[in-house]
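In the two complexes below, subunit A is the common chain; its partner is subunit B in one and subunit C in the other.
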Partner chain A sequence: MPTDDIAFQKDSELRAKIDRSLRHPVMFFFASGATWLALSLLLGFISSAKAHSPTFLDGCGFLSYGRVYAAHLNLLVYGWGCQAAFGLVIWLMARLSRKECSAVGIILTAGHVWNFGVLVGFLGIIAGYGTGKPWMEFPVAVWPMLLLSYLFITVWSFVQFRCSEGGKIYVAQWYLVAALFWFPWIFLTAHLFVFVFNGHPVMAAAVNAWFKYALIFLFFTPVALGTAYYLVPKVTGRPIYSYALALFGFWALAVIGPWAGMQRLAGAPLPQFMPYLGAAATILILIPALAVGVNIIMTIRGHEDAVSASPSLRFALGGIVSFLTLGVLGLVLNTPGTLKLTQFSLTGYGYEILAIYGFFSMCAFGGIYFIVPRITRREWLSRRFISWHFWLTVYGVGTVVVCSIMGGLFQGQAQEAYGSAWMDAATRSYAYNIGTTIAWSFILFGSIFFLLHLLLMWARLGRRSQHPTLLKVDDHHEASPHGPEGDLDELQSAEA
Partner chain B sequence: MADSNQPADSKRPDLEESTNVAETHASLIEGGVAQAREKRIKETGMEPVSLWVILASAIVLLVGGSVIGAGGKLLAYSPHPQGYIRADFPTGGNDGPTSGPIYDALFKRGQKLFAKCSGCHGSTGEGNAGFPPLAGSEWVQGNTERFAMIVLNGLKDPITVKGNTYNGSMPSQAPLTATELAALMTFVRNNFGNAMGDIVTPEQAAAALEIQKSRPAGQQITADELNATHDQMLEGDPIDPTTVVDFETLEPVEDPPGVK
Partner chain C sequence: MSFKAFTLALMFSFGIPWLMIIVVPFSKMRHVEPIYFTEEADGRDDVYVPRRAGRIANGAAIYAANGCYICHTQLIRPSFAGSELGRPGWAGFKEQDDAGIPVDTRRETTPFDYVGESFAQIGLMRNGPDLSNVGGRIERYVKEDDADAKTPENWLFLHLYDPRKKVKAYWSTCPSQAHLFTTRNVYGQGSPDAVPGLGGEGEEVLPTDQALALASYLISMKKDDAVPYSINYRRDKKKAE
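This part shows the complex of A and B:
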């Protein structure tokens, strides 16, 4: 037997061992994250419906707009986003460092603490104890608990990275290690300045605005890009198009990312460089977006078949296209002419949803569709579920983003007309609000397919097969794309 | 790297051949089907950064720089250049209503002026030990000239209000403009449970100022003098309290616009 073959088999064995060691924590993060996601989307639907039909579900205090909207965004960020990121980071880092995970018990325990924190925070918001600071609405007691469990979840990935033997550090690892360091920095700094230090309240508002963008650009973005930089070469089997471009994109993000965010407070009594640097940095995010976008798309080029067949690749590419869109929108929305229209309108919401759902979550879905069959040793059950999930997500997010941003700009223009009644501004965005509500219901449906599919996989009810679940029907197997020969039980009984 | 073409365990390369291939194959079918069909991550490509990417980045950099340039003095707190914050209302004023019923206009002005009176008469006009109440007072709700003379001249010697006798000394509240006096009297006559429902017009208040000039300057008035010479309504045509006037000038508005 040629040495290459044996090396390859040993590789496969090591991969299988790593996956096996991580199966419980990774599945736990994905499944609980997807559950929170479904709840968050339901709350997003309710809050969006309340924006155009205030009488919808009125009469009970815990469903009032201020609470539902806050719970929707906080669950999206901490319930789904962070947990999906944890699952991705610990799996990718173990694979890329070629190390089995030896702290499964601690990670699982910390993961339960994280979920308990999110639950307490969610109930706190719904019961009216929210703090009122965007993306920091969980009652104040929750954030130290989250930070502590974060450290116990992710420190092992850093240890694996440090202990990995030889070789150079792969592109995906740059992003993952950076995200591991940036999250505690952002999270601790922002919460200390907002809740602990007795600073000026306007400054606290500015730190709060910075926190949102820092979390997007310095945590969700690197995790999503790390996932994409792993999935695309892995699935296509091609090397990343350009190392230089990858390096450029990474450092551009690292240099530009921390400055964004404070433009939310343009016009507030702050030294002017804060909002203006924030606006400029958000515009400059287009530079790393271009670098990553070109790099990934050039890597995929010529493999359009793989994109239409592989769920992982398709979702990852969708995420990267969203990242490019995010960069272009950042440029358009932060020029002096438009920024004033975004300050008190829906526009910022559309931008955040594009970042968290269109970009990060799409990449995360791609990673989950890749990882789960490996750790459960079962294949995804249904091609249609994945396909529906993809298209409902794409059209849903597209509609939410277009409606929020267009509606927000019209709303902003109406607000500029001081002489006319405030009602005019609400009327102008009315149709767009209805569009957003319909789109959220699309996304919710897609996410329910995803959640059910994932829970079935968690229960180890997936297909036992040699063939992955692909989205494109092979001409030779019109009836069953996987073919009877793919069934493992049959194969084994034939061998015996 | 994870999937380089080196043997998985580079420290023991000579053991490669001894691997039990059948066993490995079996364990792969058991546990690593998906892992076995994975492709390796190849060495990263070495394409140079394309000129188009550099050019596009330069344009983005220019746009970003122009935004910082638009910021003006970056360490200053204000004023923000136009564009990032909303323009002022075109007419320069605030956007509240500029006209409304004359009763509202006078009542609001009187409310502000009353701050000075509330020191002795109380913020709800209930009076105090030694200071007579305004709420329900027959002197307030009675004839307007008598009330105006108290305000303008001050008061000395005993006075009976609501059955109680007070013997204090109230200083003159002059100088007041006609509008201020009208506003103050309208407020007091329609607040603290007093509900005369009428207004003291600026014209009537001007008449009161004329009467005050005929009295010896600086001399407080007494209850006897009030009842003897001033127990009458002030001269001047009454105005319907709902007449719509300009809040600045208190002149009637010919074609009242709706509330903006």
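This part shows the complex of A and C:
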């Protein structure tokens, strides 16, 4: 029908305009995020190697274990995690609200400020000016800079959402709006209560412990789920399996998430309901995890070829499986019996890495593999790079998580055996640390493929083709598996 | 669902826990009420003043900046949450004093144990031992016959410089903090501040100000004072007779 054709044409024009308007900021966030990620993984490898071989790279203060470990996690969270989230949020929100972005210059400027803050923070930590509050180790001057640039990066997405005309609101948008709403509240609360207000030292530690989990469950989780809820229906071409389940999963996360985190202080001198409420909430995270997991997996069901062919879908599904694992581990690791084993062992690290890397980053990679070809108008260069990135990430993260969780439980048991010598507990995690080191080198290797690939795409050296880079090739194809090569616009005009 | 209802629901679902576990407990714990010894329970009648001497604020900053909290905790949990009360030397000491009278100072952490700090370094992992009572332990180490250091500071300097120097600790994975020390050639009689037992021929190793602050902070962590009956959680605690 001609009217449909016109509507379709208009629609693609609008989408192309949106992609064009956002190409610089989104690519900037992805590329600088991926660079910080590679550095963070390198530091993760070094710190993990130092955990079992303390003389490795010994002798200079800026490479000492305590500073490298702190820098590793802070770069993972602020250098990579937040920037990947910004790229995803501004692109997804513009597309879902069907609005072009009109503040590209401000977003880019704010993005540079954010990166400058991360750089100052990183140098501050390794130079020995870290604050020593987990995930808040950047020197105190950095956080106002980060918060301010956050506001200038994301406020436009909020405006787009509010100004979108009459259309329906998608599930992905609930998650993105909620993430935009929660992040400044959490970030400001944590930094004010820890650095500015003068309170009891134990309570400051409690706020810090809450901050980590709040950031995981109320910022990284909703951004990752928003991405997954966008990608899965888009790639499989089916609506979401159950709208009611999606609604339930969203509100379950919103109600349960804010209570989690203080279980790190179980047994500390503060009102005892706080840590145990935190443990209970972390157990209950299994409920939204199940709701989302079932919903996404049921949407994909019957489209298994799409999962093996599409890099975006494959990564997104990997992320959702990690989220389910995160929910189950939350249940297993926070019961009163296991909490005393996991509170001060490697387990916490494994859980955080699973959340940030196994879950959030996998969903973010899925989003990046989907978004970048659309904004650069080039296709990914190499199928092999993508599949190496995928498998190295999956096996690497799996190994880090298994080693940390298992090693942590054994370590916790040895710690509890107070009659044995301390050496027994101190050396119990040795083998698992070696496993973690090897796994980090795999992840680092995979992420270097990703970084190179992304930088080539940023330089607009991607394939000029109409065919997306899929991981499974159709063997019956005669010439190139990707169809005719050439400039997309020329090919289209030749067809017309 | 309208946008207004959505925002309100988000504000409530986040705001209630925010008030209940952050804002209200924080403001209530800003001023912990003083605890008193009582005549019938403790045999004395005055206010409990947590005592801690040393460069607490400076040392805590060095402790934080070098990531000590990643592998060391500062928390003795009550027995329902963990069993470190039973580890020798961690929670206090059960020993005999000079007059041969049995003394037991073991107890779990109280809110007063972090006095002088702005952030309680609860810690992330126990790859190394808990440090709540490390000052007390070191005082006893230097009294041992085979001790290679005569003062707690020197014991700590040797340990920070090379945690695996002692044969008994060959398995330790503690990173060396040699960057907190400076090495220089000996001129004349040498510096009185040089750490005995460190440095090669014709060299001396001096602790920097950071190492001095860190050592002072670590030595301040002792569990040896008498606490009032009401916050003494020891299982075998007795009222004064």
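What we mean here is this: the second predicted complex is superposed on the first by the 478 of 496 C-alpha atoms of A that agree within 3 Å, B and C clash if a C-alpha of one lies under 4 Å from a C-alpha of the other, contacts with A are read in each partner's own complex, and residues count from 1 in each chain.
Convention: a residue touches a chain if its C-beta (ideal position, glycine included) is under 8 Å from a C-beta of that chain, and two chains touch if they have at least 3 such contacts.
None of the values given here were measured: they were computed from a predicted structure.
Trainee: Which partner does A:218 contact after superposing on A: first (subunit B), second (subunit C), both, neither?
Mentor: Only subunit C; A:218 stays clear of subunit B.
Trainee: Just to be sure I read the superposition right, which of the two partners does A:50 touch: subunit B = first, subunit C = second, or both, or neither?
Mentor: second
Trainee: Could you look at A:20 and tell me whether it touches subunit B, subunit C, both or neither (first, second, both, neither)?
Mentor: First partner only, subunit B.
Trainee: Contacts for A:182 in the overlay, against subunit B (first) and subunit C (second): which applies, first, second, both or neither?
Mentor: It touches subunit C, and subunit B stays clear.
Trainee: Touching A:340, do we find subunit B (first), subunit C (second), both, or neither?
Mentor: In the superposition, A:340 contacts both subunit B and subunit C.
Trainee: Of the two partner chains, subunit B (first) and subunit C (second), which one does A:102 touch, if any: first, second, both, or neither?
Mentor: It touches nothing on subunit B or subunit C.
Trainee: May I ask you to decide whether A:373 touches subunit B, subunit C, both, or neither, giving the answer as first, second, both or neither?
Mentor: The first partner, subunit B, only.
Trainee: Where does A:280 make contact in the superposed view: on subunit B (first), on subunit C (second), on both, or on neither?
Mentor: first
Trainee: Applying the touch criterion given at the start, work out whether A:267 contacts subunit B, subunit C, both or neither, answering first, second, both or neither.
Mentor: Both partners, subunit B and subunit C.
Trainee: After overlaying the two complexes on chain A, where does the subunit B footprint on subunit A coincide with the subunit C footprint?
Mentor: Of subunit A, residues 266-267, 269-271, 277, 336, 339-340, 415-416, 418-419 contact subunit B in one complex and subunit C in the other.
Trainee: Where on subunit C is subunit A touching in the complex?
Mentor: Subunit C residues touching subunit A: 3, 6-7, 9-10, 13-14, 17-18, 21-22, 25-27, 29-30, 32, 60-61, 63-71, 73, 75, 77-78, 80-87, 108-111, 113-114, 117-129, 163-164, 171-180.
Trainee: With touch defined as at the start, can you tell me which subunit A residues reach subunit B in the complex?
Mentor: 1, 3-4, 6-16, 19-20, 95-98, 166-168, 170-171, 230, 233-246, 248, 252, 266-267, 269-273, 275-277, 279-281, 283-284, 286-287, 290-291, 294, 298-299, 331, 334-337, 339-340, 373-374, 377, 379, 415-416, 418-419, 421, 465-466, 468, 488, 491-492
Trainee: Write out the stretch or stretches of subunit A touching subunit C in their complex.
Mentor: 50-52, 54-55, 58-61, 64-67, 69-70, 128-134, 162, 174, 177-178, 181-182, 185, 189, 193-194, 197-210, 218, 251, 254-255, 258-259, 262, 264-271, 274, 277-278, 336, 339-340, 343-346, 348-349, 411, 415-416, 418-419, 422-423, 425-427, 429-430
Trainee: State the interface residues of subunit B toward subunit A in the complex, per the touch definition above.
Mentor: 1-10, 16-17, 19, 21, 24-25, 27-29, 31-50, 53, 56-57, 60-61, 63-65, 67-68, 70-78, 80-81, 83-87, 89-90, 95, 260
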